[in-house]
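Okay, so chain A shows up in both of these, paired with chain B first and chain C after.
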Partner chain A sequence: MSPFVLQIRWELKKLFSRKRTHLGFFLLLLAEGALLWVLSLPQSDADLVRLIGKSRLSPESYLSGFTLGVELMKWTSSTLGSLFVILVATDILGGEVEERTYRMIRCRPITRNRVLVVKFLTCLVYAAMLAGFLVLSTIAFGLLFRGPGSLFVSFPSQSVVAWFPPTTGFLRYLAVLPLMFLGLGSVAGLGFGFSCFPMKPATATVVSLGIVLLDSVLWNIPYFASLRPWFLTTRWLAWHQVFADPLPWSELFREAGFLTLLSAAGFLGGRWIFLRREVTP
Partner chain B sequence: MIRLEHLTKQFGSRRAVDDLSLEIPAGRIFGLLGHNGAGKSTTFGLLLGQIRPTRGDAFIRGISVRKDRSRALQGVGAIYEAAAFYDYLNGWDNLRALAACSAPASATDDEISEVVRFVGLDDRIRDPVRAYSHGMRQRLALAQALLPRPDLVLLDEPAEGLDPEGIHAMRKLILRLNQERGLTVLLSTHLLSEVEHLCSDLAILHQGRLVYQGAWSRLARQTERFRLGVDNWEATKPILKRCGAIATEEFVIKLSESSEIAEVIAELVRHGIRIHSVEPLHPTLEEFYLETIAEK
Partner chain C sequence: MTEFLTLLRWELKRLCLRPRTWLPFGICLCVEFSVSLLLKLPEVRATIARDIWKMRTNWTEVFSGLTTATHLLGETFTVGGVLGLALVAAGSVAGEREQGVLRMVFSRPVSRSRLFAVKCLTCLLYTTLLVLFIGASTLATGLVFEGAGPLLMLAPHEGVMGSFSFASGLQRYGLAVALLWFSAVSGMLSFLFISTLPMKPAAAIVLALALYTTDNLLRTAPETVIARPYCVTTRLLSWRQVFNDEIPWARIRRNYRELALLDAAFLVAAWYAFRRADWR
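Then we have the complex of A and B:
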């Protein structure tokens, strides 16, 4: 096994040996369960039925597990997904500096750059796993609750209202994964970047979460609707476009490129700081 | 093995290490002695490339730590400041995780087992580190420093916080490292007894500056004193002065570099001084240390 792969393997082992990493996945399931309960309340159900009816579709066919899954994903990905990725990304390096294990690592002939690359790639692996978990768990919950059927999606703020037969719906659902991963990856870049500054990991978490939440709150205020293309939230919600019909390929590639750049900028900015600072706990 | 050239580190207005030049030969146990804040840990940090020097450089086997840290640290094991581990992993996984950072050199399971046996942790190595006592953590710290196959180990206060039994066990391990494995050991400590028991050579740091460097045997000779049992101390003093011996207190003399006790005694006898006894007084390192620091 190459040294690089070996180091990433141990980084993952460290990450997944901590109970709080698993707690994140467990809390996600819990939140999805709770949301599912809220969405099954008569009022929520009626809202969804009304929305489907407005598109002159039959609620019996379109009020399916896939439809419910997308609704779940809409609420959990931008809130809990971002939260858990930020918690990991700000702790993976900052936590080691704070707990002084970073000093143990650096007693060895490993470069700072290698440490950063290994840790950031581990964050990306976590983001990919979380994206996969989000997509699969929402499908599973939706299917368990409503069973298979046609898919109906509605993201009015992005002018996406579409419906698909079950197979196409399922494929579109799975196609969310790459953009969801890139979105969470860019959030990881942000958190990781701040954790490279000379500040405690908790501070880096608060700063990163603050940016994500502030951006999201402003994005939701109608007054700023015309400025939405400039908000990061628009990019993080780029996966909504996977449900547009027909598929806006150029827009999807542009968003994917932007999210990749955002992630790289977070990492490179953090790296620039970290390589220049004196690391003392 | 190690060469420090005008190594200087300034933290704000405080100079933690001040123009430190030092050579540490291979195969020795070298003690770096100084009180808290003397600059020992900063020197270790500079040697390990964890702290950037303001001026000067450190060389390991002739390789500059500043310019080629990764190559310089190949074959170096270290305990730097308080050892910290991943408490949620067991001892074995901690060793493997840390050894993976020494790539391309890597440690095999057999090597890890051998090191674990060497430090005496074989029966607890699969336990989570959070259940380890302080002494066990220090042993684990020593084990990780021995992976994979170093020829130089840097030990920063390895006996810090250990009970007397733990200190004794750690001392034995360090001696074995040098005697059985031929490792060069650089040991930093503020425990004078540690240096006295372990080190063949030592350097003393005070406020970041080197105030003494030399072999422990030379130091012992340099600081040895004799208590003379003589009838007439007042008559003895001028004769001692002529022989190059210095009276440090009543009936106690210190020899100059060139004088020998036999010659001094012969001279006293020749001048009719009656000598009842000559008792060598071996000073402790503590006495020497405090004397040296006071002089500075």
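Then we have the complex of A and C:
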């Protein structure tokens, strides 16, 4: 096995041995459970039925597990997903520098560059796992409560209202995964970039969260609706476009490219800082 | 008593020496300036003017620095204030435990309860300073960018609607900042409690924010409107009710009474966890 693969394997093992890595999965389940419980109350049901009825569709077939799953994903993915990715991304390097594990790593013949690449790839693996968990857990929760059926989605902020038969709906649901991964990957890039600065992991977490929160708050102000294309939140919510009918391929590729660039910029910015930084014992 | 004051003075000195203590103040100024600059854009102003026109009110009569400051206060506190309180409250216990500072402190003849009281008081003073700063800087930014004038507050989701002259608007603004302090103290105590649990400061911050975010999701999602009266964030935002033409004091008192009960529970739980923790 090549040293690079071996290093990634050990880094992943370290990551998953930490309790805080699993905190995200546990809290996502908790949040989804709470939202699902409220969504299953008769009053919330009535709101969803009204929304489906506005499109002249039959609520019996469209108020399904997939519809409920998308509703859950809509509310949990952007805010909660980002929180947990930032926690891991800011701690993976900053935490090891603070705990002085990094000094031990540097006792071995390994370049700083290699350490950074290995750690960033580990963050991306975590982002991919969290994205997968988000998609699968919302489908599972939705199916558990409502059973299979046709899919109805409504994202008014992104001008997406669409409905699909069960098979196409399920495929579209799964197609969310790559864009959601790229969105969380770009958040990981941001967090990783700040963890390379000479600051404590908690401070790096707060600075990264500050940027994400500020962007999200500005995005949510109705008066700034005309400026939404300039906010990062619009890019992080690019997965909404997967449900547009017909699929806007050019827009999807453009968003995917932007998110990849954002992720790379976070990594390269952090790398530039870290390679010039003196990590004192 | 003098020993207690000495402890408090040193704790405050340590707090002030950390660069991260001042970071939230910078974040707040960034939020205020960025929102104020964006409000100057012609397309944004056109949208606001259209909304005001729908209410049969003249744009020039109500759009003032006081109006923008009132709307900005919530946004600034959500981003800078909450993160600042999380950073300082989580750092004061979880951060010191992680760095082994608490072990050194316990090598001196000081009881855990006394140390906890000192930390609580320090966080409380920081909360007061941060809230006052946010209140003053938001008002100053609003007045610098838009000038003085009457106040119009619109928050239909929270059932808040009111319009005031500059003088009475300023009074309401002051009252809102005072009530915001109570909400901030609730937030700070919850962060302090989570930081006494055995976890790293960053994990404590993220855990607390995740709980508040979930609560806020339940409050704001249109599909879960039924849960709104039961959310903690509904109570934390009670300070905005003072911008109603008629202040609903009964509702405000009820909400803050419930928050006070929650605060007491957090305080006792944090004290218990701090006393029982194994600081190795």
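One rule holds in what follows: the second predicted complex is superposed on the first by the 280 of 281 C-alpha atoms of A that agree within 3 Å, B and C clash if a C-alpha of one lies under 4 Å from a C-alpha of the other, contacts with A are read in each partner's own complex, and residues count from 1 in each chain.
Here is the rule we use: contacts are C-beta pairs under 8 Å (C-beta built on N, C-alpha and C of every residue); 3 or more make two chains touch, one makes a residue touch a chain.
Note that the coordinates shown come from a computational prediction; the quantities given were computed from them, not determined experimentally.
A.B. asks: Does the superposition put A:K14 against chain B (first), chain C (second), both, or neither?
C.D. replies: first
A.B. asks: Under the stated touch criterion, which partner chain does A:P3 make contact with: chain B (first), chain C (second), both, or neither?
C.D. replies: First partner only.
A.B. asks: Which holds for A:E71: it touches chain B only (first), chain C only (second), both, or neither?
C.D. replies: second
A.B. asks: Among the partners chain B and chain C, which is in contact with a greater number of residues of chain A?
C.D. replies: On the superposition, C touches more of the residues of chain A.
A.B. asks: Looking at the overlay, what does A:S226 touch: chain B (first), chain C (second), both, or neither?
C.D. replies: After superposing on A, A:S226 lies in contact with chain C but is clear of chain B.
A.B. asks: In the overlay, answer first, second, both or neither for which of chain B and chain C A:L30 touches.
C.D. replies: After superposing on A, A:L30 lies in contact with chain C but is clear of chain B.
A.B. asks: Using the superposition on chain A described above, determine whether A:P109 touches chain B (first), chain C (second), both, or neither.
C.D. replies: first
A.B. asks: After lining up the shared chain so the two structures overlap, which partner does A:L48 touch, if you call chain B first and chain C second: first, second, both or neither?
C.D. replies: The answer is second: A:L48 touches chain C but not chain B.
A.B. asks: Common interface residues of chain A with chain B and chain C?
C.D. replies: In chain A, positions 19 sit in both the chain B and chain C interfaces.
A.B. asks: For the complex, which residues does chain C have touching chain A?
C.D. replies: Touch list, chain C to chain A: 20, 23-24, 27, 30-31, 34-35, 38-39, 41, 43-44, 47-48, 51, 75, 78-80, 83, 86-87, 90-91, 95, 199-203, 205-207, 209-211, 213-214, 217-218, 221-227.
A.B. asks: In the complex of these two chains, what residues of chain B are touching chain A?
C.D. replies: For this pair, the touching residues of chain B are 48-52, 69-74, 76-86, 88-89, 93, 96-98, 100-104, 106, 144-145, 154.
A.B. asks: Could you please specify the touching residues of chain A with respect to chain B in the complex?
C.D. replies: Within the complex, chain A touches chain B at residues 3-4, 6-7, 9-10, 13-14, 17-19, 99-101, 103-111, 278-279.
A.B. asks: In their complex, what parts of chain A are in touch with chain C?
C.D. replies: Those residues of chain A that touch chain C are 19-20, 23, 27, 30-31, 34-35, 38-39, 41, 43-44, 47-48, 71, 75-76, 79-80, 83-84, 86-87, 90-91, 95, 199-207, 209-210, 213-214, 217-218, 221-227.
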